[in-house]
Amino acid sequence: MFSLTVRDRMMIAHSLPDPFFGPAQQLHGATFVVEATLHADDVDSHGVVADIGALAGGLREVLAGLDYRNLDEVPELAGVVTTTEVLARFVADGLAERVSGGAFGADTGHLRTVEVLLRESDVAWASYRRDLPEPA
Amino acid sequence: MFSLTVRDRMMIAHSLPDPFFGPAQQLHGATFVVEATLHADDVDSHGVVADIGALAGGLREVLAGLDYRNLDEVPELAGVVTTTEVLARFVADGLAERVSGGAFGADTGHLRTVEVLLRESDVAWASYRRDLPEPA
Amino acid sequence: MFSLTVRDRMMIAHSLPDPFFGPAQQLHGATFVVEATLHADDVDSHGVVADIGALAGGLREVLAGLDYRNLDEVPELAGVVTTTEVLARFVADGLAERVSGGAFGADTGHLRTVEVLLRESDVAWASYRRDLPEPA
Amino acid sequence: MFSLTVRDRMMIAHSLPDPFFGPAQQLHGATFVVEATLHADDVDSHGVVADIGALAGGLREVLAGLDYRNLDEVPELAGVVTTTEVLARFVADGLAERVSGGAFGADTGHLRTVEVLLRESDVAWASYRRDLPEPA
Amino acid sequence: MFSLTVRDRMMIAHSLPDPFFGPAQQLHGATFVVEATLHADDVDSHGVVADIGALAGGLREVLAGLDYRNLDEVPELAGVVTTTEVLARFVADGLAERVSGGAFGADTGHLRTVEVLLRESDVAWASYRRDLPEPA
Amino acid sequence: MFSLTVRDRMMIAHSLPDPFFGPAQQLHGATFVVEATLHADDVDSHGVVADIGALAGGLREVLAGLDYRNLDEVPELAGVVTTTEVLARFVADGLAERVSGGAFGADTGHLRTVEVLLRESDVAWASYRRDLPEPA
């Protein structure tokens, strides 16, 4: 099993409107250092899991919709409690869509899962890992 | 699959009384930077793997019994060779007990495993991962 | 010359209302990983720059006024453009006040400067260093 | 499941002669920070996954054939496109051979897989994980 | 005294043709993680040491002439032994030229020095710090 | 001004027998990740601050007297309260002696100071910086 990971980051404001979250119910913010990983059964014909530029570019596209924003006002996240876990899934789903949509080329049959890890500080992080759809 | 991780640390003395360990047979010590992770099939009703405060607090409780101690004289570890691997299991078991004991609330059916990674330096670390018991 | 550093962190929202800042004019946020350092000519009678607990506690007190807040609404920062540099100075000034106020005991004549470094991400940080007042 | 990891590094030149790689077709280089991990069902009779000295030594042996070299001229890599993924496999295979060859002693029945992660920078890395052969 | 730092990276091949360097006489390579810092007496009218985008952009411009190259064949470095220290000076000089040339605007009278730190691995780095010219 | 830094580590036990230190009065331990830096006015005739192998080797020699030891029983430290600050000075003094003693060759007139930083955990560290003697 192979993996390929790239790191990027986003700086967002949000609140977690549920008494469960204590002081994080207030409007505050976070820098999320984001590590996006593709796992594959094998390398492709170029000897890689994926084009690292495509992975970095795809991740940037997904983050661009969130970066420098107040997530409480992002329409795609309306009604969503934007915990680190939930944001990890949102980013992973965005990358999975780009794999299906061809952003990584047609030669993606070896890819198995995508995992997104969000570091909210030096002492706390969360991740989400999901299968990639079979190529059509 | 989701995960949530928090980091803490402990500063301990110990010796490894087995010729296998060479100079580490002598009384020496370590700072263990400890990363405790819960893995879950899904997020709970709050959109998280677990209350991050409960995870950090539970980890601190387990470490408090070891921190600033000479492990050679800790009764719970009598007769135990306190390698990094064995300490990782000790901490993971302590967290698993706290999950079973209700420290993370009643809504823990989505939790699958706990993993504890102990960094003994910038160039060496070990981990232990175990299943969490089914909720009663 | 000796130094002692402790690390803590805060998660804040803010905006930088000046066209100079481009997308950071919008309400967004940051995790600031904060490293507070005291520099001293010599160690004190205990062989340290300062009580590390006093330094960590003093830093936490200063950060507690900002953590989990929207800085645009913090009265002490009214009218202040809360850049990373300016926040570093705010935290350093708060620590300097605590040194003068006795939070580090009376034996502080060896202390020379305080420096606060704020990491806003894995790829960008800023710092401020200032003299400590002579003990009375 | 237990794991044990050690970190080492190598500084190499290479080129990736395939238009797919854009500017990396040119002769350039990398520091690979290498993290080698053994996974095991249980600890051995000494309470460890493996002798950490044997793991660090085995890793150094494998890297010594590559360190301070131009990989385009290393005979063992003739005809190989030395992507990070492919180099991770090369190092993992070298470690697996050493396990089979007895470098970790005879008591290796608890070992399951070896994983090698190569960090090519602070923002990109790749890994390869493979089974270890059953002991004879 | 304030500082502002950004981090970038470059991946280069080179050789150090002097018996002093042992195995590094051979053609090999490195990833240099580069941290460029500006020091200033005060913040400017925007409350910053410098436009962080201008600093990141200026650093990228300087590194672009080296990244994915064999430094032994870069004309600007002909006859230069490209040690980490010498490369740190080369990058710092490139940034200083850009400050003088107006890339950071006209309001740079508060800037004092530029420092460039090059990490060649997780266990070794070097830096160069120089004065910035007085604004004309 | 140039600098060159190498990183190593040591794993020690010790106690701090002074009520000032609270729980650290007990026998406990630490991994100290050690960063040793030489500062120089200029590079030498090889284009470096110092032979990086000599610096790494000198640091290892100094640490070898402490590594895997109980510092309470190390004769050279008898009567010394081995705080992080004091240990940083001990290591720096050991390196300064080696510079004076010729371990870095005769061409050391450009060297100005040595600084040793000891990280006792991911959230706390201390350093000591001292002048190097003028070459005879």
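Letters A, B, C, D, E and F mark the chains in the order given here, with residues in each chain numbered from 1 onward.
Just so it is clear, a contact is a pair of C-beta atoms (placed from the backbone, for glycine too) under 8 Å apart; a residue touches a chain by one contact, two chains touch by 3 or more.
This structure is a prediction, so every number in the text was calculated from the model and none was measured.
Asker: Give me the fewest steps it takes to get from subunit A to subunit E if each step has to go to a chain it touches.
Answerer: The least step count works out to 2.
Asker: Is the C-beta contact count larger for A-B or for A-C?
Answerer: Contact tally favours A-C.
Asker: For the homomeric pair subunit A and subunit D, should the interface be classed as same or different, according to whether the shared residue numbers exceed half of all numbers used?
Answerer: Answer different: the two copies use largely distinct residue numbers here.
Asker: Counting a repeat as over half of the contact pairs in common, which of A-C, D-E or C-E repeats E-F?
Answerer: Of the listed pairs A-C, D-E or C-E, the one copying the E-F interface is C-E.
Asker: With chain centres set to the mean of the C-alpha atoms, which chain is at the far end from subunit A?
Answerer: Ranked by distance of C-alpha centres from subunit A, the top chain is F.
Asker: Find the geometric centre of each of subunit C and subunit F from their Cα atoms only, then give the gap between the two centres in Å, rounded to an integer.
Answerer: Measuring from centre to centre gives 27 Å for this pair.
Asker: Between subunit A and subunit F, what distance separates the C-alpha centroids? Give it in angstrom.
Answerer: About 42 Å, centre to centre.
Asker: Once you find the CA centre of subunit D and the CA centre of subunit F, what distance in Å lies between them?
Answerer: Once rounded, the distance between the two centres reads 32 Å.
Asker: Find every residue in subunit E that makes contact with two or more other chains and list them.
Answerer: Residues 7, 122-123 of subunit E each touch two or more of the other chains.
Asker: Considering the complex alone, what residue numbers of subunit C touch subunit A?
Answerer: That would be residues 7, 9, 11-14, 23-24, 26-33, 67-70, 120-123 of subunit C.
Asker: Applying the document's contact rule, which stretches of subunit E touch subunit C when the two form their complex?
Answerer: 1-8, 43, 46-49, 51-53, 56
Asker: Looking at the complex, which residues from subunit E come into contact with subunit F?
Answerer: Subunit E residues touching subunit F: 18, 20-22, 80-81, 83-86, 88-89, 117, 122-130.
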